[in-house]
Structure formats: C-alpha cells, structure tokens
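Order of writing sets the chain letters: A, B, C, D, E and F. Residues in each chain are counted from 1.
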Amino acid sequence: MITRHDGRRPDQMRPIRFQPDIAPHAHGSVLASFGDTQVICSAMIEPGVPRWMMQQNVPGGWLTAEYSMLPYATLERKARDISRGKMDGRSTEIQRLIGRALRAAVDLEKLGQRTLWIDCDVLRADGGTRTVSITGACLAAAMAFARLQAAGLLKESPLRQFAAAVSVGVCGGTPVLDLDYPEDKDAAVDCNLAMTEHLQLIEVQGSGEEATFSESELQSMLELGKLGVTEISAAQKAALASFDPGSDPILLKRLVGMK
Amino acid sequence: MITRHDGRRPDQMRPIRFQPDIAPHAHGSVLASFGDTQVICSAMIEPGVPRWMMQQNVPGGWLTAEYSMLPYATLERKARDISRGKMDGRSTEIQRLIGRALRAAVDLEKLGQRTLWIDCDVLRADGGTRTVSITGACLAAAMAFARLQAAGLLKESPLRQFAAAVSVGVCGGTPVLDLDYPEDKDAAVDCNLAMTEHLQLIEVQGSGEEATFSESELQSMLELGKLGVTEISAAQKAALASFDPGSDPILLKRLVGMK
Amino acid sequence: MITRHDGRRPDQMRPIRFQPDIAPHAHGSVLASFGDTQVICSAMIEPGVPRWMMQQNVPGGWLTAEYSMLPYATLERKARDISRGKMDGRSTEIQRLIGRALRAAVDLEKLGQRTLWIDCDVLRADGGTRTVSITGACLAAAMAFARLQAAGLLKESPLRQFAAAVSVGVCGGTPVLDLDYPEDKDAAVDCNLAMTEHLQLIEVQGSGEEATFSESELQSMLELGKLGVTEISAAQKAALASFDPGSDPILLKRLVGMK
Amino acid sequence: MITRHDGRRPDQMRPIRFQPDIAPHAHGSVLASFGDTQVICSAMIEPGVPRWMMQQNVPGGWLTAEYSMLPYATLERKARDISRGKMDGRSTEIQRLIGRALRAAVDLEKLGQRTLWIDCDVLRADGGTRTVSITGACLAAAMAFARLQAAGLLKESPLRQFAAAVSVGVCGGTPVLDLDYPEDKDAAVDCNLAMTEHLQLIEVQGSGEEATFSESELQSMLELGKLGVTEISAAQKAALASFDPGSDPILLKRLVGMK
Amino acid sequence: MITRHDGRRPDQMRPIRFQPDIAPHAHGSVLASFGDTQVICSAMIEPGVPRWMMQQNVPGGWLTAEYSMLPYATLERKARDISRGKMDGRSTEIQRLIGRALRAAVDLEKLGQRTLWIDCDVLRADGGTRTVSITGACLAAAMAFARLQAAGLLKESPLRQFAAAVSVGVCGGTPVLDLDYPEDKDAAVDCNLAMTEHLQLIEVQGSGEEATFSESELQSMLELGKLGVTEISAAQKAALASFDPGSDPILLKRLVGMK
Amino acid sequence: MITRHDGRRPDQMRPIRFQPDIAPHAHGSVLASFGDTQVICSAMIEPGVPRWMMQQNVPGGWLTAEYSMLPYATLERKARDISRGKMDGRSTEIQRLIGRALRAAVDLEKLGQRTLWIDCDVLRADGGTRTVSITGACLAAAMAFARLQAAGLLKESPLRQFAAAVSVGVCGGTPVLDLDYPEDKDAAVDCNLAMTEHLQLIEVQGSGEEATFSESELQSMLELGKLGVTEISAAQKAALASFDPGSDPILLKRLVGMK
C-alpha cells in the first residue's frame, strides 16, 4: 500500500473539525476544517424573496451561496475580487456548486418567504476548499434552522438531510480520499463528490485536467467518496447534536428579531 | 419503451450537423448543431503566450475558451453581459468546462509559443449548449490546426484526439440521451459527459438540482453517453475528412499571415 | 474610369444578400451581407416599456439597438467588451446610429406598449458593418412586425417605410460606393448615409479623418448613396415579399406567446 | 422672416466668447461660450505616446479627447459616469467626434513623440455643447502649442488650421443657425458641422431623429454653417492673437517642465 | 518669525474669493478660492428622498456630496475615474468629509422631503482643496436655500450656521495656516479643521503621514484654525449678504420649477 | 459617575485579546478583539515594489492596507463589494486610515524592496472596527517582521514603535472610552485616535456627525485616549513577547520561501 506524503492511508480522511458560532452575528456559523483547510461558513436568513419570485408567485424561499478566498488563505497573497474589478472565475464556479448542493439538502418551501444566505470564506487553503465549504455550509444552515425553531419562527427544520462533500483523486495511479494541496496539484484526475448522509449522489464532478480517466477509476473514486461522506456526515450530526440553539436567550432574541 | 416528446428513442441523439467556416476570418470555425441547438464555434491562433508563461519559462502554448449566449438565442431576450456590467455566472462555469475539455484534447507543447482562442457563441439554445460547444470547438480547433499545417506553420497537428460531449439525464424515471430544452427543464438528474473519441472520460458533471441520484443511475447515464460520443466522434471525423484546408490559397495566405 | 481592387465600378454595390430566420428564436432575424461583410440582425419584441415612460405617461413603444463585433469577425481576434470591462467606444457610437435610423423608420406609437430590441452582431467584418446593420435590422423588424400581424397582435405594421444605409467615400480622388475594408482604410473621406426607400435623408455622417473634403465631394457622395439605397431598398422589399410569416404555425404560436 | 424665441435672425450666431487660461494648470485652456452654453476646454501635452505606437514605430504624436457634462450643467442634475458605473453613450459619441475634428486640425507628426490630451467639461448646457467643445478645444490646443513654442520645445505649431464647429437645424420649416436648447429639442432635423477656417468640411453629421430631411434642406444647412464657421474662426483667431504665451515667465517655466 | 515661501506670515490665510453663480443651472453655486486653489461648488435641490428613507418613514431631507478633481486641475493630468474604472480612494474620503461637515451645518428636517446635492469639482489644485470645497459648498447651499425662500418654497433657511474649513500644519517646526501645495507636500503634520462660524468644532482630522505629533502641536494648530475660520466665515457672510436671490425673476422661476 | 449599558466605567476599555496565527499562511496574523468586535488582521510580505517606485528610484519598500467587512459581521447581512460592483466608501476611508497609521509605525526603508500587505477583515462588528484593525495590523506586522528576522531575511525589525488606536466619544454628555456599537450609534461626538506606544499622536479624527463639539471635549477625549492606548500597547507588547517566530522551523521555511 502506498504511503501518502502526510502518512495517511489512501482511504483516510484528514481530521474533521467544526468550531460553531465562529461568526456570532450569523444565525448559524462554523469554522469547518478538513486538516489544514479552514473555511468560515455562515448561514443567515432574511425575510423576503427576490422580486421575480413574488411577481411569478413562486412559493417558498430562496437560497444564495457566495464563496471567496480571503487574501491570506494562500501562501502567495491573492488579490481581492473588488481590486481586480471582477469576480474570480473559479469562485463563480464553486459558489454555483455550493448552491446546487445546498438546494438538494434544504426544502425551500418549508423555509417560507425567506432567503437563506450561505457565505463561505476560505481562511486557509490546503486542498478541498469547495468540499469543506459544502460540508460546513450545510451544518451552518442546520444550526440556523435550529435557532429559528427555538425562537418559534419555524415549526420544523427545512433540512431534508445532511449534504456532505469530499474530493477524491488518482495520484500516482492510486485512488486517494480527501486530497490536500500537494496531492491535488499532482493528481491526474480530480473528482468532487457531494452526497446525502444516506449516500445518494447530489453532484459528481470528475475532471482529468490535461488527462483522461476510465470508468473503473471513476468507480473506485465513488467507493472512496462513500467512505469519506459516511465519516463526514457522522461528524456533522455529532456537531449538531451538541449545539444548543437556545443556550443564550438574549443572543437568540437579537438574532431572530426579524420582521 | 417510453416515447420522448419529439419521437426519439431514449438512446437516440438529435441530428448532428457541422457547417464549416461559418466565421471565415477565424482559422477554423463551424456552426455546430445538435437538433435545434446551434453554436458558432471558432478557433483562432495568435502568436505569443501570456506574460506569466514567458516569465516562468513555461514551455508550449496557451488555450483560452469563452462562451456566451447571443441575446436572441432564447425565446426571451437575454441581456448582454456588458449591459448587466458583469459576466454571467453560468457562462463562466461553462467556459471553464470548455477550456478543461479542450486542454485534454490538445497537446499545448506541440502548439509552440502560440495562444489558441476558442469562442463559442450560442445562436439558438434548445438544451445542451455546453456539449455542442465542446464538440464544435474541438472540430474548429482541428480545422485551424489543419490550416496551419497546410501553411507549413505546424509540422504535426497538436490534436491528440477528438473530444466530444453530450448530455444525459433521467426524465420520468428513464435515462435519456441528448436532452433538449423541455426535457432538460424537467429532468430530475442532469449529467454532462466529455469523452475522447476512444471513450476515455474527460469530464463527468452529474447534478441532481433539488434532487439526488443513485450510482446505478449514474452507470446508466455513462452507458448512454458512450453511445452518444461514438456517434458524435464519427461525425467530427467525417467533417474533418471532408475539409480541405488548402482549397483557397489566397484565404490561406491571409489567415496565416502571422508574425 | 478607375478600376477598384475587386473589379467593381465606382458606383457598384457589393452583392446584397439576406438569409432570413438566422436566429429562429427571434421574432424576426436575418443574416445580412454586403459582399463579405456579414451581420446577424435580430428584432425581438417584448411587452412593456421602460419605467420612466410609464411614469411620464409617454404613449407608444420603445426601441433599443445594440451592436457588437463577434471576437472572430476580424482577422485579428477582438476581445469581448466584458473581458475589457467596458463597452467599446466605436460600438457605442454605432448602436446609437442604428437606433436613430430605426426610429425614423418605425412608428413607435403603432407598436403599442412594447419594446423593440434590435441586435446586430457582426459575424465577418469587411467594411460597412454599420450600414449592413441598419439595413438588416430594418428588414428584421419588418419581419417581426409581419409575424405579430399574422398572430393578430398588431393590426397594421408599425413600419412607416424601409430604412437602408450605405457607405460612400473618396478613394484616390474618386467617389466610390459601398467601400470594403481595404478601401475604407485608405479613403480620404468616409460617409455613411441612411435614407428611406423614397431617398429622403435619415442620417448623413461624413468624416474626413485627418483630412477634409469639399461640398462638391459631399454632393457626389450623396448621388452615389442614392444609387446604392435604391438597390438596397429593392432587395429589402423582395426579401420581405418572399417571407411567409405564417408558414410555421407552431413556431408562430411559440414566438408570440406574449403576455 | 421668422422671429426666433430669443430674437435672433435665422442666420445669426449667439455671442461667441473665449475666456483664456480658465484652468491655469493646463498648457492651454479656455472657457468657450456660444450664448449660455459654456464649456471648459483644456489642452495638456504629455511626453510619450501609447505603447502600441512605440512598438509599431508609428511616427509622431497622439491625441485623445474626453468630453463630460458636469453634474450641474443641466437644469436637472445629471449623475456622474462613475456613479452610474459606466460611460454615458452620448458622451462617448461626442468625444469621438471631438477627437476626429481635432485630428483634422493638428499635424500629429509635428507634435513629436507627445500626447495631446483634450478635455471638454460642460459647465452649462444650452444647446450645441459639442460644437462649442470642438471650437474651444482647437483654440486651447493652439494656445498650448504657442506656449511650447515660446518655451523652445516646438519649432513650429502643429496646428495646420483652425477647426470650428456649429450646429444648424430646421425649426418650424426654417433652417436656423446655432440652435439653443429649446430650438434643439423641437428641431425636425439637427446637423452638426465641423469645418476648417477655409470652409473645407471636416465632419457633417445630419440626423432627423424620428424624421427625415431632403437634400435641399441639407444644402441650406451647409450654407448657414459656413456663415457660422466664418464668424467663429475669426473669433478664434482674434483670441489667439491677443494671447501672449510668454507673459508670465515663471508660469511658463513650470508648465513646460517636461522631461 | 519665519518667512513662508510666498511671503505670508504663519497665521495668514491666502486671499479668499467667491464668484457666485459660476454654474448658473444650479440653485446655488460659487467658484470658491483660497489663493490659487479653485473649486466649483454647486448645490442643487431635488424633490424626493432615497427610497429607504421613505420606506422607514425617516422625516426630513437627504444630503449627498460628491468631490472630484478635474483632469486639468494638477500640473500632471489626472485620469478621470470613469477611465480608470473606479472611484479614486482619496476622492471618496474627501466627499465623505464634505458630507459630514455639511450635515452639521444644515437642518435636514427643515429641508422637507428633498435631496440636497453638493458637487465640488476642483478646477485648480494648490493645496487645501477639501477645505475650499467645504467652505464653498456651504455658501452654495446657503444661496440655494435663499433662492428657494425667495420662490416661496421654503419658509426659513435650513442652514443652522455656516460651516467653514481650513488646513493647518507644521512646516519646518512652525505651525502654519492654510498650506499651499509646496507646504502641504513638506509638512510633517497636516490637519484639516471644519468649524462653525461660532468656532465650535465639526471635524478635526490631524495626520502625521510617516511622522507623529504632540498634543501641544495639535493645540497650536487648533488656535491657528480658529483664526482662519473667523476670517473665512466673515467672507462667507459677506458673500451671502451681497447675493440677491431674486434679482433675475425669470431665472428664479426656471430654477424652482420643481414638482 | 455614569453607568455604561454594559457596566463599564467611562474610562474602561473592553477586554483586549489577540489570537496569533489565525491565518497560518500569512507571515503574521492575529484575530484581534476589543470585546465583541473581532477583526482578522494579516501581514504578508512580498518581494518587489510597485513599478512607479522602481522607475523613480524611490528607495525602500511599500505598504498597502485593505479593509473589508465580512458579510456576516453585522446583524443584517452586508452585500460583498464585488456583488455591488464597487468598493464601499466607508471601507475606502478606513483602509486609507489604516495605511497612514501603519506607515507612521513602520520604517519602510528598512523593509528593503518589499511590499507589506495589510489585510483587515471584520468577523464581528460591535463598534470600533477601525481601531481594532489598526491595533491588530500593527501586531501582525511586528510578528511578520519577527519571522523574517528569524529566517535571516531582515537584520532588524522595520517596526519603529507600536501603533495603537482607540475610539472615544461623548455619550449623554460624558466622554467615554472604546465605544461599542450601541454607544457609537448614539454618541454626539465620535473620535478615533491612533497613537504610538509613547503616546505621540499619529492620527486624530474627531467628528460631530450632525452635531458639533468644543475644544474642552476634544481635550477630555484625548486624555481618555491616552489611557486606552497605554493599555492596548501593553497588550500588544505582551503578545509579541510570547510569540516565538521560530517555533515551527518547517512552517518558517515555507513562509519565507521568497525569491
């Protein structure tokens, strides 16, 4: 069996951590980490939906996701979008992916005429920022829903099920789980998988940048992905279980002061 | 067996057509169509590479892809990016996909210190614009390479192999090939596949917008995709075979007047 | 008599062609060509007018024209406006000209509370793109009006008269009609004329870039312009006469599905 | 004979005034007025030309013109371009016109490897702002050239001849010279003419917004235009004659401290 | 006592001048100067307030200030914001300062549901442009209020008191008043003070760019500032006293034609 | 003595905390907090200086500061600059202030031909974000310098002295130190002070938004400010003393891998 540069087995995740309420003004937030990759994930719920939904009488709520790299997330400083005058193409691609994954996990009709804002800001990038983002964003949303339930604003949580994501790839001929940055840079194939906690597929994005891959490689990567998602979902559930949405009644009151 | 709304079998492509030299000032161009979806695909080769490649002594050439919907491509007019003041997020995502697929097909080292510009402008959208774009762009690039070979500027074609793409999805429980717009809108799962002419995978993008899917559904979609790509690759090769890069010596001279 | 580089007489137009329904999702569209200059011209009609018109109770409809060069329209690739982050100055100037010419041809009161969107995208530039655009746009609008009449949405066509445009210039001391790109580049004086089918003037734009011209040269150019417009108007009318707006009832129904 | 609303004869200009050195940091500047229309016109000369000119070894200098309405130039405040996030289309059109007119008046080869910046900012708009701009900009350039000659930086003035501009139009059926805002708003035809002091044509822009016009109307407008330009050129020459470029040696030294 | 480079005493202002109605289409305007620094200051009053104020039922009016350097205000031409594609940071900072100072001087409740637009465009920069702007803008607002009173649209002036501003600094160890550009460039400390005519403080902005300063230096600068503001306020009051808002009844009528 | 809403004395700071290496890819970083206001402050050092410095042979290094509110820093979500298409005016003002304060603390000549990037991102806003930013940024810079010294890239630290900042204001007639958000909103006067650790003034920004203040109030605020800065500087020094720049040799090596 190959030895990965950090000593992990091919099917081994990096340590998964969630630090809740990293952004205390959000309804739900976590600092989500897979190893050294750290993303601030926030969920904020606002009254109202976009104008076109109201005009077309579309029922239920709306969900928007935004993703950004903080300038100091990478070893070389990354200029802010506003300094470059335009949105980064890679960020656009990733935030659309986050939005799709969350929409598979959240029942927007149950949200009512509200907008759920998901924000993911990468504090430290070491491979897999998009999968950490999806994973943390789903947990942040679950915490926000719990707060709104605790405040009596929602009867049941709009979360259908947890969505979790993980990257898999083929490095030096071997499929490996949860690539860090040095692995990601050298991988011949790179695949991002988003699944439900029940291992149903939400999104499969496999890409052989300047290379190609076979169906059996895709199959191996799916198998590894299921291992990863099983572990991640368990961690998400444990974090939600230990989260007390009503522990601070004053904070609760302030957060839910929605019209 | 289900009947599709336009009478096709589930595993049947729409008619594939390529009208070469639709944009005669490009080195290679086609109007590529799958049924009613029509995309102007152009390949232009410029001397030189981006400054950072020269500074870092990266060998070979560069490839950039741009994708845009013409305002009249949809039944409801779509505002131009420049009028809205920013690039459309969906277009950004698609042009990154086109670029990755083309980079798997083209050997940039063989291109020399040149930049290959790929442009895909949708003239009529009826589902599958990104797959028609990849397919047509690869053919346009092949034609451009043929012209540069005919002019003695390239010894061998930088095209490693054809790349083709097709969409597959699950509609009403049945996996179907090459979805048109009404099918795409209603599909529970939507998957875009880019493959080489030898059916190696280049990109797999499966997505269950507000839904999920199983591994066996993914498997069925891959099978359909291989059928589609087999047919599309054959059409690409036939189009290239009937293309005479040197038929118009004056045009050839003008096009290749590169420093 | 001088010989022009392409063998034309000084008072001879390039071949005029109109390929109808080039963009089948538009209400009216043509690929308009004078020789090698090809422009996709589209006319789309939307319900409603800009907010300020409603607030100020301005009767009738609105018309907006947009003009753009496709990146592959020129021998050297032209960057898209959105990549450069701002609208091209020349395009701005031209689309304002197209708008003025169309407003002289169309009776906006008869259009009702609707907006007519004119889009002109240059597929191949070989001189005279603005005059081909005006000419094609007017025909596309006429076709769109015919479709709306066929569908019973308009009682009479808002087209007062055809507007056509042509360039004239002075090359090597001789006034010539319908300059192509090599002539345009060398012309001492360049004049764009838009007229009605009855040879009334709509717009005269004569310009001696880094040169000047006399009134008699202007007079000669006007004479040539009338010859050109006479031929162009006849071609417009012939194209409209052979256009059957109701030939495809399903398409008709879909196109006119306006609220 | 018709009476114009301000008592002028149809062939009568508004009072022409030039206040020199309105912007004392420019090499040349005037506050140019035709009646109540006032434009700050400035000419600044910088060492160097755009990079592409140097790369292509284009000899001589460069000229760029910018035009803008100050927010308080109109009775209703006009938002600044930077607040709206994009250049005003009308301003783009006008500054291109100013640039073309100035390039006909200035011999850029004689300027040497320098860039002439022309800026026109409308302080008060009452019709004809583009013609006042061209007229004032040409005088400002002439003054700047005189200062550079006085300083020994230029041997002879790059000004070939004066360029002047004036608007003419048809109001209530009568051709009139130098329209003010109320006339401009109601005119059926509006024509802007730029000519040399010798009455050679530089630019003719006649436009029947939502109307058309005849050749004889164009002819009448050209005649009026020549009357206007004759008077304007005389005023330009008088202003230049009374301008002493070396009157303030300290200012002169500071202004010409060019590398 | 030190001699300043222009012969002034340390506690001496440059000559203060106000040329009223420099922009006759504004309700109030002045060309304000301290020595060679000249700023066009305009005040325009529009009916209505921003939408959010109406939605939140905020009583009274609104005030917005904009500041810009004209391209020819400096010895080296300064590119326009719209050419650079973004607002200049220094201008942003200054216009926020102008807005705060004016809000201290104007009682927005007395303005009614109207918006006061303050525009400051620097015609010539020689140090202290922000202080000339505040000073001139307050006078322009006072003149605008006087015109609205004369027209019967306002019962009493919303001006609580005059606001005036002046810069002070420490040059070569000596505190000096009203720095011009050469002094400003060399000053170790630079302080901009805005005060009421009664010498109450509105804004204190002291800054030691790449240096620091002591409390006693701040104290000395405040003393000088009071001298300056006393003189400036007197000049403002004199200018307002000699301003006849109703001298031109036709102009008055046109200016106040507000809905 | 008044009781503040959170129980503090008027001259009492909120708890000051610095969590080092919050952004481990930066050369120096802290999560700086005054009470509930939390700002991620980062210092990154890049080789090279802006092109104009090299062209003009300006010796030493360069410093740029950027400030931004994360969308979830406030109770109501704040749209990102890139979504609104332009830089927030308040952020522009604040980042210019941070830059000036840091330039007073850092000897850029000692930095060599390097650029120091300061980034401040507000994670939670509860009043005083700009003062926490300056304070944290100076500490982050000190830590970055320490790391570069430990790596042998700098002989001595370019930090001349610590810069610290604090807000003071007048609430209900009483001068108070370090205002939180509810106090800031109601304060009649708001003053931000930046000082060196030796209590020399770097920047004084006192502002009576819609109010004015007296010299004696300014004096009282300065006194409070000195108390605050004394406490803050001590905390900065303690944090730097307990920071071991060489504790992780591998990290050190990676961070300083500068050309």
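Here are a few things to note about the model shown:
The rule is simple: a contact is a pair of C-beta atoms (placed from the backbone, for glycine too) under 8 Å apart; a residue touches a chain by one contact, two chains touch by 3 or more.
What you see is a predicted model, and the numbers here were worked out from it, not measured in a lab.
Each step here moves to a touching chain, and the least such steps from chain B to chain F number 2. Using the contact threshold fixed earlier, the set of chains in contact with both chain A and chain E is F. Most remote from chain B, judged by the distance between CA-atom centroids, is E. The chain with its CA mean position farthest from that of chain C is F. Residue-number overlap of contact pairs with B-C passes half for only one option from A-F, A-B or E-F: A-F. For the pair chain B and chain D, the distance between mean C-alpha positions equals 50 Å. One inter-chain figure worth recording: chain C and chain F are separated by 59 Å, centre to centre, where each centre is the mean of the chain's CA atoms. Shown for chain A are the residues that touch two or more other chains, namely 85-87. The touch graph of these protein chains is a ring, one cycle where each chain has exactly two neighbours.
Around the ring, the chains sit in the order B, C, D, E, F, A, counting from chain B and moving first to chain C. Residue ranges on chain E touching chain D, taken from their complex, read 22-26, 29, 36, 40, 42, 44, 46, 66, 68, 70-77, 80-83, 86-87, 117, 119, 121, 123-125, 254-255, 257. Note for the complex: chain F touches chain E at residues 86-87, 89-90, 92-93, 95-96, 100, 103-104, 191, 195-196, 200-215, 217-218, 222.
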